[in-house]
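Naming follows writing order (A, B, C and D), and every chain is counted from residue 1.
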């Protein structure tokens, strides 16, 4: 068991013939992900991976032909909103957007539109999802994680890899790892994923990796305190970040005194979450 | 019993200090409608009807102060969309828009927005609703109808009065009369109201007054044939209307061969509806 | 409100849609001059607000400016479906490879705008819809979000547009969407959108219909109205805020409310008469408006009788009666008048009209029958 | 990207928001000339991208153009919070009756834009929010529908704006909304929006922040960037697509991924060091980018040691190693370097760096501790 993606995932790759799209399509297929189609407008009728994956001109055509149930988006930032609208209008219930740098006003429109339709978006500006041993949707390196009972949710990319790697070194496996992304307006937040982990029978413990900016960690702390039965360990990046500066991620900024690491750590600890001092320490808190 | 409006209706009048708004507020109060508040931006704090009805600057303020559950809109066409958005955002579940001449692109935005929020709109360009003996929301003259068991739904104004008057002359009463309005894009269509009448225990028969333009009568015929148990009589205005011309109502136009009275009558008769030759004949078909 | 081809194309051009070089001419010599400027080979296109101009001979290709002048002379002398040609558009002639249809209109049932396209352009889209519906794509547009780029691509793919043109087609589709929303159009169509032999997309013909109810926010578009193209009585009626449509019968009608006005026509017909017009004086009409309506009805020489059907609600019957009396003073009608007043202040209204020489009626059926009889007897007298 | 006051107000003006007459000057004599044109009585306002200009003495009123020149001379010689003043805005002075705050920003939690207003303008809105939150109205705007007129009226009512101003206020609110959306702003604020003694609404001061991610569709705004206002190293980093922020410590950091880069700083601090910068080389960075990053880090004379923390995923460790070697050739660093490579092609990367004079580490904690120790010893040597 797992959340969001598993071996029944029938994946579409939007932007499949681009450099990044094609590289990660190869990686995903090697991992065992069932990629049933790709979309690149203007390249419908071609095939990639030596005839393994058909390319369509539009998501609608791909969905009709292949029964997609999840899509992963690798298109450039300026086309990302359109790609998400297209996937939503084609009725795909789970959209994972890897693209970094999507304008925030685009994202507000996308998020409001998707909410109307009840469609789940993960990302953008995220590494995607990995259910070790089953499927990989996105760019998380498959070999750094093993199957297990720890759910991982994170706003970050490589920091997550760091944690998965530390887990693996301790022979601790993951049920599903969800990268929710570093943008201020995104599709899925901590509470959404925590709730799924809480209800996933295969997940027994949870690691939550936050960072400065916004108040999602504080809200997650409230959820954990009031609703969660499973133990949660956490790490918050950006304790040394100066206020008013965007720390790489569009969403990683302390503004108006809000979004500091100290506030988040305080809220989490008050909710009974064990907060690590550095990322390699996190898995040890759950042992 | 009745549909949509009754003696529990707590009505707000948007545009209450305008000529039309004030005139019909007086008429409605005389009829017995419970008008709890009015809105005219910039006139908050005033009172109308000799101190009986308070005026607010905004719908939100009116709702907070008085517990409105229905609103009727009399503002000029150029402000009507804004008035509907305002009512929707204030959470009023039933909006009745009397205003004629609302731009159709405004109405497409309004309708799509209201659908998202699950808010019912009646109109625009309609005479409103009358539940004889209980309440009147809009401009239907109160004295031309008596309480009874016939539900009336119509795209027209004075034509409806004609029918109510003919009913009264036969001592036939109405449960509720709903004017859905003559615009091509409106809030409530025939099927919506037929369904409510079908489920209203006080309604035993239904009169449906259609006209040329669109295919709502054809769809209503399908609904009547497949779902309705109560007898329906009908009249379709515009049998002599030339194609391609808007017959007063923005929605009353035969376009591309669609929307003729002949088609509608045919569909209704095929559904077992008795269609009258002239409006005064309608009530006799239900006797 | 319908716009002429040249007006529609000017609007399209503002939103980045490529149109042929060209200008409108009111005389043949202007046409020649424009043709000269454009290099000689041009299309001379009658500007009238009806379809089927081509079949009627109102669109012709000229090989040079002299021929353009000759053709303009011919076309400017034409009547097309009853409408005199007052202007011609002189457009640079294009060498055409393929003709496409692209339009946006409101889908009443879906409550959304819909973009419609077909690889078979240049003909009436309703004909294509009737004969080969599978050749048409209908793409609904979210009115809150607007046309998305992917939708233009879906359309391009459906109509088998060669991929080299997708980018330009996307711009044209977006331009058409912007023209449609920014103008409060109920229809914006390019028919045909052509692929030229030199590999360009070009909007060869265009049509826009503007929502009359939205003209208040488009004073520039309101000024484009061509009153030459409608019956004088309709122009006059608009001035007074009356909803009026001229018909071919001989019984004038004045009614309050559009549905009741249509019904009154229907009932006249039911009892063997023919309505001369549709006229809705609207809710709450005062004496002035009523008098104007009466003048407009009686200006039609066909009218042999007039039916007044007023159901007082907002409109007060006494007000209407006063309007009728005032207008009778002024117009001195020579035809019989049947009047039916019901509802608010009907008594007072009837009292006011008691001394006027009018036929009264209780019900609509009764009124219609009396009007039909009166028209027949009046027409008999006139003959 | 922050815009200067004068730039923000120019944009506001395009959307119909009334602003004072005025122009920007780079010299005192220009300032005098502008003051002359404006009739003498003006405000001289330093244009620097920080708040608190007024308190710092960077905003002064001049009674005439001679005084304007004197004040401009003073202000152009100032540093405000470390930023040298290079330009002054000379605005016609206004007689003020009341100061209002009006702004739009993105509400992360609500996923919607929010319009914020307060009757207490002219001061920092965050201060008002902290001390008297009841004086602030926050009106969320549907991103698909835009600001509705009724919302502006709700705001006007909340801030007790006299009704005579509601119509103009509505236009200003709509203009601000349009400026915000059309510019892809993350913040657009008028502070203060004043009621003048002669009964006008006027945007006296303005501030806009543009979404860097949206600059691709606003080349005109991208050109407004004032590189004078940021550390040279940050300008340089942007050129190479690196995410870089200068800090005050002495341990340079080069990391792939923003979260891991922040974490590396945190772990340095945890073990007693101080990071000299934040630097994310991004995913899939090649040798060129790595070399540029290294140059930027080493250009800071404070740097006493450098930590490389690379977790190979998309980024390949061997590529990064090659970048480090290339940059070392060029820059010849004099400080100790600690390198940690994990993940994709880590072995190859480590092999490439084996001969370079670098300290290697297995874990991040180990790497940080080694960097802290190296910086201490290197700083000791330098002293």
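In the analysis below, a contact is a pair of C-beta atoms (placed from the backbone, for glycine too) under 8 Å apart; a residue touches a chain by one contact, two chains touch by 3 or more.
All values derive from a computational prediction rather than experimental measurement.
In summary, the chains found to touch both subunit A and subunit D are C.
With centres defined by CA atoms alone, the chain at the far end from subunit A is C. The geometric centre of subunit C is 55 Å away from that of subunit D, both derived from CA atoms. The geometric centre of subunit B is 28 Å away from that of subunit C, both derived from CA atoms. Residue positions 142, 144-145 of subunit C each touch two or more of the other chains. Those residues of subunit A in touch with two or more other chains are numbered 109, 113.
In terms of which chains touch, the assembly is arranged in some other way, matching none of the line, ring, star or all-to-all patterns. By the document's touch criterion, interfaces exist between A-C, A-D, B-C, B-D, C-D. For subunit A in complex with subunit D, the residues that touch the partner chain are 20, 23, 77-78, 100-106, 108-109, 111-113, 115, 127, 139-141, 144, 154-162, 165, 182, 184-185, 209, 211-215, 219, 235, 237-242, 245-252, 256-257, 261, 277-280. Looking at the complex, you find that subunit B touches subunit D at residues 41-42, 44, 57-61, 79, 82-83, 85-86, 89, 109, 113.
On subunit D, the positions that touch subunit A within their shared complex are 106, 108-109, 111-113, 126, 129-130, 142-144, 181, 184, 186, 211-214, 216-217, 243, 245, 247, 255-263, 265-270, 275, 278, 280, 283-284, 311-315, 342-344, 363-365, 368. In the complex of the two chains, the subunit D residues touching subunit B come out as 142, 145, 148-150, 153-154, 157, 163, 166. In the complex of the two chains, the subunit C residues touching subunit D come out as 144-145.
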